[in-house]
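Down below are the structures I want you to see.
Both complexes shown next keep chain A, but they swap its partner, so chain B is in the first and chain C is in the second.
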Partner chain A sequence: MKLCIKEQEHYRTDAIFFLIGLVLFFPLFAFGLWFGHTGYNRIGQMFACGFQRVTGFPCPGCGGTRAFYYLFRGEFFKSFLYHPAVLYGMGAYLEFMALYLYRNYIRKTNREIQIQYYLYGALFVIVLQWVVKLAFIVARLIHIL
Partner chain B sequence: MSEEKKIYCTQCGSENAAGSKFCVNCGSKLEELPAQNDTAEAAQEMPEEKNVYAEGLPSEQEPVFEKVTNAEEIKPEPIQGQAQQEDIHITYETPAQTQYYDSSNSQAETVSEKKGNMGIAIASLVCGILSILCCCLTCFSVVLSIAAIVLGIITLVNKYDGKGMAIAGIATGGVGILLVVIFLIAGTSSTYQDLLDEIMY
Partner chain C sequence: MDAKTTGIVAYLTWIGFIIAICAGDKDGAIFHVNQALVIMLFSLLAVIPCVGWIWGIFMLVCWIMGLVAAINQEEKEVPLIGKIRILK
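So, the complex of A and B:
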């Protein structure tokens, strides 16, 4: 299997991301399986958000640990509710790896995958879920006051 | 109407006052050229043909050039790094006179062709996204935010590919730093903590 990263003095971004994805595949899934079954109960408290404790408002990453935990326990809806970017990231990762393999080794085309669309999507999901969470918090505060 | 004589630069086609030695636009040496009236007449004759320097035009479609400089006697000094062009001047005005440059060698084109390195813009956006996700880890988030902003600025200044991602990277980096600042201010403010305790409990 030949990986073509450098093509005529031009480094292909998608090939670099594919290599990173390959390197991260086994460690990520091994950690996820461990975290989903025993790890969260042992070290889950380490990931408590200081921003939420101090300010009372969630940060854009709040709920990510629980979403990761529920993702590897197979509870996708709960994972989505806690932090949709985790589910999005996993879906985007699997889609990107499959698309890269399909284009380069089955269809054998040199079309580069546009990484920026995955990043824009991630940014959109993160900002949207944060705004929704803040809206819920503000509505609750207004109700209390 | 005053019949003021004007001369045109053979390099860039800019209009200059009569008697000028050098072009006010590109600085190249000027030659004496006919007045504007000739230019207007010629423009009426050939209104359609504008991109006359485009290579590969069929011979029957080639526009008529009017040789207006005494190029055989005194040739203007070529601009450094620019291929020597034919000393001809088109005697009608077009909206985009900068097209008279040889597009393969001009300095302006060299600047705009500086592309590639999209990885820097991608790195900027990745750092920006991570900085807002990890804003509760203050030091880590600040480092990522600064990296996002610096990489975004590098992309914009050098005109690399991925301008949109660079702008998004700078924006997310800025939001990351802002969140860290809010975190630090709220954490050190006793008034805010008392208010928070009162509301929450």
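So, the complex of A and C:
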């Protein structure tokens, strides 16, 4: 299997991200499994959010640690409820790797994958889930729910 | 240094940025010098706990995209913050 980063004096962005993804694959999953089984109980308190402690409202990243924890415990729905962006990130990562392999080794096209759409999607998911969380908290504060 | 080298060196942390400003062909690679400055300024936000770390991942991806564009000698803007022009 040949991985071609450079073609005709032109370096491919998606090939470089694919290499980084390959290198990160094992450490990421090893860390996730460790975190899901012993790490969360040991160092989970380190990730507590200062913003939430001070103001009482969650920041856009709140729930991420618990979502990561539940993702590697296999409880995907709970993970989605805590923070959808973690599930999105994992899905985008796997989708990117699969799409790169498909395009380069099965279809054999030279079309590059546009990384920026993954970023815009992630921002959209983060902002959306934050707005929904804030809406739930405000609704609870004024006793609608 | 020629314009290509200046553009690449500008992305390599603050030290590289200062080298690119002082010793490089700043006018030739003004696009990448400016973009490197914008990326590194926004990366400072990543020290905020929790939400800053997500932002840090975002900036890391932007940084790699900018660096690859500099190596290819393309003037390609990174998403979201690429429109900002500090150095003219």
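Observations
Keep in mind that, in the parts below, the second predicted complex is superposed on the first by the 142 of 145 C-alpha atoms of A that agree within 3 Å, B and C clash if a C-alpha of one lies under 4 Å from a C-alpha of the other, contacts with A are read in each partner's own complex, and residues count from 1 in each chain.
Here is the rule we use: a residue touches a chain if its C-beta (ideal position, glycine included) is under 8 Å from a C-beta of that chain, and two chains touch if they have at least 3 such contacts.
What you see is a predicted model; the values in this text were computed from it and never measured.
Once chain A is used to superpose the two complexes, chain B occupies space that clashes with chain C.
Looking at the shared chain after the overlay, A:Leu141 reaches chain B, while chain C stays out of its contact range.
In the superposition on chain A, A:Phe124 contacts neither chain B nor chain C.
When the two complexes are overlaid on their common chain A, residue A:Tyr102 makes contact with neither chain B nor chain C. Of the two partner chains placed around the shared chain by superposition, chain B is the only one that A:Val54 touches, whereas chain C remains out of contact. Touch criterion not met for A:Trp34: it reaches neither chain B nor chain C.
Put simply, of the chain B stretches 27-35, 99-107 or 153-161, the part that bumps into chain C is 153-161.
Counting contacts by the rule stated earlier, residues 10-11, 13, 16, 49-51, 59-61, 64, 85, 115-116, 119-120, 122-123, 126 of chain A appear in both its interface with chain B and its interface with chain C. Chain A makes touch with chain B in their complex at residues 10-11, 13, 16, 49-52, 54-56, 59-61, 64, 85, 115-116, 119-120, 122-123, 126, 141, 144-145. Considering their complex, residues 116, 118-119, 121-122, 125-126, 129, 132-136, 162, 164-165, 168, 172, 179, 182-183, 186-187, 192-193, 196, 199-200 of chain B touch chain A. Partner chain C is touched in their complex by these residues of chain A: 10-13, 16-17, 20, 47, 49-51, 59-62, 64, 85, 115-116, 119-120, 122-123, 126.
Chain C makes touch with chain A in their complex at residues 49-54, 58, 61-62, 64-65, 68-69, 71-72, 78-80.
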